[in-house]
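The structures come next, written out as C-alpha cells.
Two complexes come next, and they have one chain in common, chain A, joined by chain B in the first and chain C in the second.
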Partner chain A sequence: MNQAEILDALAGLALFSDLDRPQLEAVAHTMSEEAFPAGQRILRQGFSGSGFFVILDGEVSVRVDGSDVARLAKGDFFGEISLLLGEPPVADVVTLVPVKALQLAGPDLRAFLLAYPPVMYRMLQSVSRRLERANRRG
Partner chain B sequence: MVSRRAAAAAAHTEPIFPAGSYDVLVVGSGPGGLQVSYYLSRLGIDHAVISADPEPGGMFRRYPFFQRLLSWTKPHAQLAHDSTEYERYDWNSLVAFEPEHRGLMPGLMDGSSEFPSRAEMEAGLRLFVERTGLRVRYDTTWQGTSREGDGYVLHTSAGDYRSRVVIFAVGIAEPLLPDTPGIEHAAHYADTREAASYADRRLFIIGKQNSGFELASGLLQWASPIILASPRPAKLSVNLHSLDGVRARYIQPWEDAELGGGVYILNASIERIERHADGLAVHTRRSDTAEPFVAQVDEVIAASGFRAPLLDLPQVGVSVFGRSGLPAMDNAYQSATAPGIYFAGTIGQAVSGLKKYGIPANSGAVHGHRYNGRLLVDDVARRWFGIERPRPEVAPEDVVGRLLASATVAPELWHQKSYLARALSRDPDGVIRDEGIVSLAEYVDASGPDGVAITVETDDSGDIHPAVYVRRRGRVDGDARLDSSPLHDYRDAEHRAQLAALIGDVLA
Partner chain C sequence: MSLDRQERISWLTGVPLFASCDKDTIERIADTTGELSFADGQAIVQQGQVGNGLYIVVSGAVRIVAGASELARLGPGDFFGELAVIDQQPRNATAYADGPTDCLALASWDLIALLERDSGLAMNLLRELARRLRRADAQLRH
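Let's look at the complex of A and B:
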C-alpha cells in the first residue's frame, strides 16, 4: 500500500471518518501496521501491556475462557476497554485468517483520543452500541 | 601457453554454488544471510548462498551514511569476549557456537568510540566469514521467482537455482519515497551528497525518525536553516524505551531547535514541492491546526525510509503489508502464505511478537535478528529435514536457578525483550527439559507441554524486570512479573522465592 492508499483505507473506516487529510496522515504515522498469521492471539486474556487495534483486513474471534463470544472484521477495533480501565484484557482476540491491523501502543491511547475528539466520539458510539446489545440480551 | 599459476588461479575462481538444485537457498550476504548460513552449516544442512554484492557486508558496505554505527560494542565489559554473556555488550558481532568465533568486533575497533565505524563493521563481517568458513557465491543477482512443484525457482544472473526452502535476507534496502506531488525535486536519504556540499544551503528534511535526525546531525555545521518535518511528533528512544525513538547520538539538532539555533522541527504533512527561481517551495499543513505553511529552501531530502526489495515474491504467493512492503510471517519467519519461503535479517521485524506496552523488539538490528536467525534455522531443520532441537534434561533442583540465570545474563532475553524467552517444560513422564530460547508469542499461543517461559520486559514506566509465563494444561493464561533489581541481577534468594511460588505446581 502506498501513502495515498493507506489514507484512503483509514478514511473508509467509521472510526476515522470525521478526520481531515492532515489528521489522517498523522494517524497513519502514529499507528503501526501489523500482520498476524491465522490462529494467533492478538489480544491475550490476562496479559499486561496490551495495545489498541483496528482491523484493516481479515477476521478475528473474541473468546472468553476459550468460548467464542463475537466475531470482528474490517473497521472493527478492540483493546480499548482494558486500556481505558487499566486492567488486563478479559478476552482473547484470535485471528481466524491472516489479519492486517493498525496498532496503537497502549500507553498512547489516552493522548491519542484527547488529540482526536471525533475519534473518541465514534469510539463512544460504538461502545454504547455494544452496551445496548448486552443490556437487551440481559 | 597457460601457466600453472594461471590455471590454479582459474580453478580457484571457479564459481562456487553453480546454478542447480539445493536443499536450501539463502539470498543475501549481509549479517542476516551470513548468520543463517552459519546456523545451517553447523546443523549440517546443505545450502547455497548467493549474493548480488561482490563481498560480504550487506548494507554495511555503504551505510550508515556518516560512517559511524548507532549500535555499540564495549570492549571492556568485565566479560571475556568469547563468552555468550559478553554478547549483551556487543551488538555488532555475529554469534557462534565455537568460543573462538565469538566477539570478533572489539578486536577490530580502534578504541576511539564504543560505536564501530562502518569500515570496522564491514571488516567484522568479512572476518566472521573467513573464520567460520562460510561460502557465498557473489556477483549473482536474484532477478525473479517462480513456483515449480512444491518448491521454487530463483532466476538469477548466473542461471536458475531450485529449492523447496528459500531464505531471503535481502534487507529493507530499497529507497522509499513518499508519493507527494513534486517529490521528484527531492533526493532520497540514500542519495545524500558529501556533507560539505550542503554549506550555506537551506535544507528541508522529510521525516523525523533516526535517519532524518542523523542527516540533521551530520549537516548541522553546514546547512542552515535545517527544517525537519513529518506529521508525527518526534520521540526519543529514552522515552519510548526502545530503538524506535530518536537515539541519543542524534539529538543535537533537537537541542538546537529547543534553543532557537537554526533548526526547526515541524509536525506537519507535506502537501507538495514546487520549484521556483529562488529554489524549492515546500507546502506543508500543520497536523494539529491544519494551517498551511510554505518553506523556501534550496534542498529537500526525504528521510522516508526503505522498502524490502522482494521483487516478484507477491506473485508466488507471499503476502506483504505496510509501507515498507514487509512479508506477513509466522513466528519462525516463514511466509504466512507461501510455505518454504523464509525471511532472515532486518525483514524479521515484521514479526512483532507481543510488543507489550507498544515496545518493539530489536529485530531491525543485528543484535536482535542474529538470535531470530537461530529460531528460523531450527524451524527449517525440524520442518523440512526432521532435525529436532536437543532438549537436555534439567534436574528439578536446578530449574529456578537456570531460569533466573537466563533472566540475568542471557543476551537473547536482554536484546529481544518480551520477544524471546527461555522455556523449560515437563514431559508426560515427569522429566523436565530445557527447550532453549523460544519465540515468546509462539510459546504463549501454541499449546504444548506444561512448563514455564521466562523473559525480560520493560513496562510502561521504563522499569526492567523478569516476566514469567506459565503453561498449565496446554494454555498460558496470563503473565507474572518478578520484582526489578537495581543492577538487574535476579539470582538472589528473594527472586528465587518469588519464582518458586509461581512455578512450583508445574516444575516441582
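Let's look at the complex of A and C:
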C-alpha cells in the first residue's frame, strides 16, 4: 500500500474516525505497515514483547489454549490490553488469510494514546463493550 | 456522613482513578460530584436502566450483580457505573449497597467532559477497564 492508500484505509476505521487529515497523516507516519502470510502467529499467548496492531485487511483468529474464541477483521485491533497492563498476551492471534496491519511498537502505545485523546476515547468504548459482553456471559 | 469541600478534595486526591489529575481537576471533580447515601440492600443503579453517571464508593461496600451472578465487591475508593456512560448502553448490572454506604456521583456529561479534558485520567480509566476485562475473561475460562 502506498501512503495515500494507507491514509484512505485509516480514515475509514472507527478507531481513527474523529481525527482530521493532518492527524491521520501523523498516525500513518507513526505506525508501520506490516504484511503477514496466512497461518502466521502475530501474538503469542504468554510471551510479552509485542505490539499494538490495527487490521487494514484480512482476518485473524484469537485463540486461547488452541481454541478459537474470536475473529477479528478490518478495523479491529489487538494487543492493547497486554500493553496497557504490562502483562503478556493471554491469547494467540493467528492470521486466517494474508493480513495487512498497522503496527505500533509496544512502548509507544501510551504516548500515542495521550497524543490522540479521541483515539483513546474510542479504545475506551471498545474495552467497555468487551467488558459488558464478558460480564453478560459470566 | 457529609464531607465539606476541603474534605472532599483531600479524599478525592487519594482515589487511584484520579491519581494523575492536577489540583484544578480534583477541585472541579469535588465541585461537580454529589454525595449520596444508601441503606443496606438498596439498589444504587439498576440493570437495564440508562446510565446517568459514575459512582465512587466513599464508605461502606457495594455488590455488583448481573442476573444471578455477583461480578464484584467494591469498597472505599473503588468506582462503578462507567460502562453505561462510555458506550451509552443500558446498565449491564445492578449495584447494591452492602451495609450503609456513601458514594460520590459524577454525572455522565461531567465524566465525559473530564475525560476529554484530562487524557491522563482517560488513560487511568482505560487501564482499569483493561484489568477488569482480563479478570472477567479469566473467570469465564475457569
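Everything that follows uses one rule, which is that the second predicted complex is superposed on the first by the 138 of 138 C-alpha atoms of A that agree within 3 Å, B and C clash if a C-alpha of one lies under 4 Å from a C-alpha of the other, contacts with A are read in each partner's own complex, and residues count from 1 in each chain.
One rule holds for everything that comes next: a residue touches a chain if its C-beta (ideal position, glycine included) is under 8 Å from a C-beta of that chain, and two chains touch if they have at least 3 such contacts.
Here the structure is a predicted model, which is why all the values come from computation and not from measurement.
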{"item": "Fit-or-clash call for chain B and chain C when the two complexes are aligned on chain A", "value": "fit"}
{"item": "Chain B versus chain C as contact partner of A:Asn135, first or second or both or neither", "value": "second"}
{"item": "Partner chain in contact with A:Pro117 - chain B first, chain C second, else both or neither", "value": "second"}
{"item": "Touching partner for A:Pro107 - first (chain B), second (chain C), both, neither", "value": "first"}
{"item": "Partner chain(s) touched by A:Ala14 [first = chain B, second = chain C, both, neither]", "value": "neither"}
{"item": "First (chain B), second (chain C), both or neither touched by A:Ala73", "value": "neither"}
{"item": "Greater residue coverage of chain A in the superposed arrangement, chain B or chain C", "value": "B"}
{"item": "Overlay on shared chain A, then closest C-alpha pair between chain B and chain C (Å)", "value": "15"}
{"item": "In the complex with chain C, residue positions of chain A that touch it", "value": "64, 80-81, 84-85, 87, 90, 110, 113-114, 117, 120-121, 123-125, 127-132, 134-138"}
{"item": "Chain A contact footprint on chain B (complex, rising order)", "value": "178-180, 230-232, 267-269, 285-288, 290, 319, 321-323, 326, 328-331, 336-337, 350, 352, 354-359, 418, 441, 444-445, 457, 459-460, 475-479, 481"}
{"item": "Interfacial residue positions of chain C with respect to chain A in the complex", "value": "66, 69, 71, 82-83, 86-87, 89, 92-93, 115-116, 119-120, 122-123, 125-127, 129-134, 136-141"}
{"item": "Residues of chain A touching chain B in the complex", "value": "1-4, 6, 20-23, 25-26, 28-30, 32-41, 44-51, 66, 88, 98, 100, 103-108, 115"}
